[in-house]
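Lettered A, B, C and D in written order, each chain numbered from 1.
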C-alpha cells in the first residue's frame, strides 16, 4: 500500500508545474525533513517542509491583503535570507512575479529596473535596503508597500507603507485561525497556477547597455531544474549553502529551483563575514561558485601555505604534485597503477582531505562553476584533490544550463556536451545557439531585443563563439563580437588570454587589446592580497594600492607571469600570434561602481578601452609612460578625480622557432 | 589532520554548548573512557603487559588519578578564580582525617562508624568548610599576600593533626590506617578495584567541575580572576564568588585527600600532606595549564612521572651513581625543567595541547 | 532628534553637592546635576576634570566625602558597587575592562550573572532547570550579539580583539544587564569615523528602543552635540555649565575651558 | 610561671631571634622591591651561601692558613659563588621571563630553589657542617633584679649587629648610589626604567647579588647557631610571615616584622602553648600575619595602592 502511495505521489509529481505546487508536495511527502536552515543567533535554525508551507501560505495571504494579484511584480532585495526566498514562493503562489534585484545595486541602476518592472511591493532585508527603496520610491511612486525582514534601526520610521514581515505573518496566522477559508483560498490560488505563467523575472546585468528583464515560465524553470537534478542525481539528502546574490540566475537555479525540485535543504549564512565559516559548518554536498570564488580560494590557500613550516610546505608541494599526476585520472575512474593509488591515498589523508575539510568541501558530491571560463590549472587543481568540479555553460535566458560536464568526462577546455533536452547549433558566424526547456519567454517590455536574441526558428543566440570538439563537447572561445584579428591576420581571443593571465595569483584582472592592431597588449590589475603578501615578505613598504602597483619589483613579477603565458600561447597553434608584447599595471582596481565591471564582476572591455584611451594609445605608440585621469566613486559614495602617470613595459614573446616546433 | 568538521553544525544551543562539540573529540573521549573502564581491567585480568604489572596500577596510575583530582580542585581556585593558595596539602589532610574519623565513628558526637563513601564525601565537606573559613581573608588580601596567608592553613593543620591525638584516635605512633574499603557491600582491595574506584571518582568530579566552570558560577569566578573591579561593578559579589570557589575547590581537594589516604596510602602520617604536597599540586596546575580541566591531568602526569623517570634513568642507561647524587640530580633536573617549561610555555601543557589541536583542525594550514 | 522632550521627565538619578578627594587631592568639588529618565546625558570637560570620578561615584566605586546621591527615589550618601548593579546601573570603562581570558559570548553572559538563579547543584549537573536557564540567557545574549553585529567574534577570546570591537563587546556586557541607567565612559575613544557612526547608532538605538537612560563621557564634540539631550560641563572638578547642547556650545566659560584661557 | 623576669627573658630572646628572621626576610624584600619577584629560593640561597662558606673555610684551614685569613678567603669565595648564582638566575631564568605575571615568576623561583638545593648539595656535600664564626655562649644580665637573671645569647646579639649593619648598608645603597636609585625606578615601572637607559638585566643582577650577600650574612649567623645543613632552607618559610607583617616592599618592615614574630612566637609558645599543646610556634607566626593582613592588607609598612579603573 505504501508502495502504491509512493507511485501515486511520483505520478502526481510529474504534473507539478510550479514551485508552490512542489512546496505542497514536499510538505506532504517529507513534512518533517529540513527544508531551510539559517544561521541565526549562533545556531542553525531549521524549518521543515511543513513549516515552510505554512509560512509561505501566510505570506501569500498577507500579499493578497496588500492587493497583490495574478501578474503583479514584487521586488526582492537583500542577502540570502529565508524570508526573502519564501516571499518569492508566496508571490508565485498568487501567480505574481518575484523580481529579485542585486542588493548592492546603486540607486540609479535599481530605479531603472524597478521602473521597468513596475513593482507593486518590495520585500527587503534591512534598514539599508529600506532607505534605498524609500529614496527611489520618492521619484518612482509605484511601490505601494515596503516589507522588511530585520527591524533593527527601523523603529523610528513613521512611513505607513513600511511593514514588518513578522507582523504580517502574525496577522495572517490569526486570519487563518479565524477563517479556515482564508487558507483554502490560497491553496486554490496555487492550484490555479499553471506552468505557462511567468515564474520569475531576472534582470541580466549584460556587458552592454541597460539591464533586460528575462521572463522565465514556471514550467520552463521546473523542467530545466528537474532535468539537471536527475543528471546529477540530486535528492532530498543533499545540502546546500545559499550565498550567491539572489538576483543572479545561478542562485535562483541552484538554491531555489533545485531545492524545490529535489527537495533538499538549503542553508542561509549568518552574515557575509561568516559565510566562509558557515560553509565549513554546513559542509554542503552540492556547490556552485563562479570561477572568481575558486580563484580567490586558491590564492588564499597558497598564501597561507607559504607561511607554513618547511616540512609542511614540502609535503604540500609533494602531494599536490602527486595529485596533479593522478588525481584527475582517479576522479575519472581511469586505471591507475596500484602504487600511485596508494601514494594518492596517503595524500588524501595528509593533504587533500584536510584541505577540503578546512575549505568546507569535504562532503561535496558535485560542484559547478560557471559565469565565465575558468583557468585550466585552477580547474585541474580542484579536480586533482578530489573535488568533483565541473563546468557548465549557460545563460539567464536558458535558466542557466546549456551544456554541462558529465561525471567522468570532464575536460577543462570545454564546457561539456549539451545538457539533457537541450539542442545546440553553431551558426555560420560561429555563434552558439540553443533551444532548451528552460528557454526564456521574452524580455519584459522589450520586443525589439527579444527579436534580436531569438531566431525565427526558436533558437536563442548566445553571443558566444564556440566549436564542438571530436567528443561532442562544446568549447567556448570568446564573445562572438570580441574575437578579433590582429593586423597580421592572427586570431585574437581576448578572454581566452585574460583567463590564462588571471591564473597567476598576482593578477586579479586583465584586459587584453589587439583587435585590428599589430600585436596584443594588456592592462593588468594586481591582486592586493597576493602582492601585498609578497611585498611584506620582501620588506617592500607601500602606502597605497597605487604605490604598490607602480613598484618596479611588481612590474618585474608581472612581466614574468606574462612571459609564461606567452610560452603557453606559443604552444597553441591558433593563438600563437596573440602573445602579449606590452603591458601596464593599472593604478586602481577595476570597479563595478565605476562601471568598469558588471555587477557579476565581468570586465566591460569597450568601456574600459574608452575610459583609458590614453593608456591604450600608450601601449601601441611605444612610449615608456602614459598619463591618465579618471573619475572614481569612493566607498562612501563620494566621487573624485584620480590622475596618475603609469609605466608601460615590454614582455618577451616566444620566438617563431618554438611556435613551429609546437605546430 | 584527523578532523573532518565540514557538515558538523549545531541546530540547538544545547548542542552548541556541549563539552565536546566536535564529533571526532567525542569519539576519542568515548574510546578513552572505554579503554580506561573496560580495557585496562580486562588487560590486567588476562595478564597482558604492561597491565599485568601491579606496580603500574598501584604506584603510577592510582596516584596519578588521585592527584589529578586534587589538581582539579586546586585549579578551580587558582586557575578559574585566580586566588593563589599554598595550603592545598592541608585541605587534603582535612579530607583524609575527617573521613577517617567519620569512618571509625565519633562517640563524642554519638556518630556510629559511617560507610566509606559517606565518610569520604563528609571528609570533602569538612575540607570545604575549612576552605570557606580560610578563604575569608581573600576578600581583603590579594595576590601574593593571599598566597602566603594561605600557608597559615597549611601550618596550622599540619600541627593540629600531629599534636591533637583525638584525630588519630590516640594512635601511639601518630600513624593511622584506613579500615577496609567497602562500597554498597562491595569490598575494594585489589589494585584493579582501587584503580576503578579512583577512576570513577575522577571522572565524576572532572565532569562536575567542568560543568561548574562553564556555567554561571564559573563565569563569575573567571570574571573575578580577570578583573575583579569590573566584575563587582556588573553586580558579581566578590564574597560569594570567591568563597564558592574556595568551597568547591576545597571539597574536591578534601575528597582527593581522603582517597589519597584510604585508597593509595592505606596508612599515613601528617607528613603525607605537608607543604611539599601543596607545592607539588601548585606545580601541577601551573605546568598543566591554569583554568583548564585537561591541564590538571597533564600537569599531574608530568609532575608525578618526571621524578620516577629521572630515578629510573641512570640505571636504564647503565650509569652507576650514588643514590645521594641521584637525588641531587633529580632536584636539579626537575627545577630546570620547571623553569624551562615556564619560559617556553607559561600557559602550560594544556595550551600546547590546544595549539596542537588547533593545528590539526586547520591542517594543512599553519594558522 | 534634537527636538526637546515634551513633559519634563522625572530625574532618575540626582547628585547633590558631591565632593571627592584622594588624600589631599580634590577630584570633584561640590558638583550637582541630575539625569532624567530616558534621556542621553553627556558629561564633558577637559582631561582631569573629574568626569570619570563622577561615574565612579554614581556606581559606587568611589565614595564621595560629601554630598548625596538620589537614585530611583532613594537618597544615600554613597552607593555600593553591587547595590548599584542590582539597582540597574551598568557601565563601560575608559580603558576597556573586559575579562580577557573569556570569549565574547562569555563576557556578555557575565552580564546576566545577576539574573541567573539556579543553584550550584543544578549547575553541577548542568541539566534540567540549569541548562534551560543557561539556554534562555544565551538566547538573550545572542540578541545583543546580533544587535551589535559581532556574530563573527562570538567565540573569540576578547584579549585578541582589536580595540574597537572590545569596546563593542563591553557595551554588550553592559546591555546584558538590561540596565535602567547606562554609564558610558568615552565609548568612542580611539575609533575611526565609521566605528564612531556605528557606536552612535547603537547608543541611540538602545536609548530609543529600550528607553534606557544613558550618561556618557565623550570628547568628540560632534558626537556629543548630535546625540545628547543635555550636557553638563566639568572643569577642574567643578561644574561650569549645564543645559541643552546648543546652549552649552555657546557658553563663554565652556569655550574658555576648551581653548585653555587662563582663569 | 617565673614572674616578670622570666617574661622579660622570653621577650628579649624572642626579639633577638626575630632579628635573625629579619636577616632572611631582608633578602626577599630586596628582590621584591626591585623586581616584583617573590623569590621562593631565598632559603636555598642561604643554604648555598652557608655550604660554600663552611666548606671553603674548612678547606683553607686544612691548607694551614690561619683562621682569620681563612675566614676572609672563605667569605670572599662564598660571595663569588653568590655572584655567579645571581648571574645565572638573571641570565637563564628571569631574563627570559620578563613581563610575565607574578605567579609565573614565583613558580620559576621555586624551580630555581630546586636547582640551587641540588647544586649546593652536590658541590659541597649534604651533611651537617658546624660553623664557628660567632661566640655561642650566653650572658646573664640583671641578676640583681630578677632571681636567676636574664639569659641572653651572644650569638643573638651578633645577629642584631649584623642586621643593623645590613639595614644601614641597604639604605645607603638605595639612597646614595646610582644603581640604587635606578632600582627604585625599575620597581615602579619596568618600561619607564628601560626608556631612561638603565639595562634591566644589570639591575636584576645587582639586586640578586645583594640578596645573595644578605643570604650569606644570614647563613653565617644561622650556620653558627644550627650548623650548616639542609634544614636551613626551611628558614625561608619562617621568614614569610615576617615579610607579610612588615610588607613586601619595606626594609624597616622586615626588621619590625621580625621583632614582632620573634617575640610573639616565643611568648605564645610559653603562655599559649601551655594551654593548647606545644609546638604552636610552627604556625603562630602565620596566624599572626593573617590577622595583621585582615586589618592592613598591604602589611604594616607596605605601600597602599589606590585602585583605579
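Points to keep in mind about this one:
We take it that a contact is a pair of C-beta atoms (placed from the backbone, for glycine too) under 8 Å apart; a residue touches a chain by one contact, two chains touch by 3 or more.
The shown structure was predicted, so the numbers you read here are calculated from the model rather than taken from an experiment.
Distance between Cα centroids is largest for the pairing of chain C with D. More contacting C-beta pairs link the chains of A-B than the other of the two pairs A-C and A-B.
Centroids built from CA atoms put chain C at 46 Å from chain A.
Chain A and chain D, compared by their mean Cα positions, are separated by 76 Å. The geometric centre of chain A is 57 Å away from that of chain B, both derived from CA atoms.
Remark: chain B and chain D have CA centroids separated by 33 Å (rounded to whole angstrom). For chain C, residues touching at least two other chains, in rising order: 61, 93, 97, 138-139.
Touching of two or more other chains is recorded for residues 13, 229-230, 233 of chain B. Contacts with at least two other chains are made by residues 309 of chain D. Against chain C, the residues of chain A that register as touching in their complex are 40-42, 152-153, 155-156, 270-271, 273-274, 277. Per the touch definition, chain D reaches chain B in the complex via residues 38, 92-93, 96-97, 100-104, 106-108, 110-119, 121-122, 126, 237, 240-241, 243-244, 248, 277-280, 282-283, 286-287, 289-290, 293-294, 297-299, 307, 309. Those residues of chain A that touch chain B in the shared complex are 37, 42-46, 239, 280-283, 301, 304-305, 307-309, 312, 315-316, 349-351, 353-358, 360-363. Those residues of chain B that touch chain A in the shared complex are 1, 3-13, 15-16, 361-367. Across the interface of their complex, chain C is touched by residues 13-14, 17, 208, 211-212, 214-217, 219-220, 222-223, 225-227, 229-237, 244, 248, 291 of chain B.
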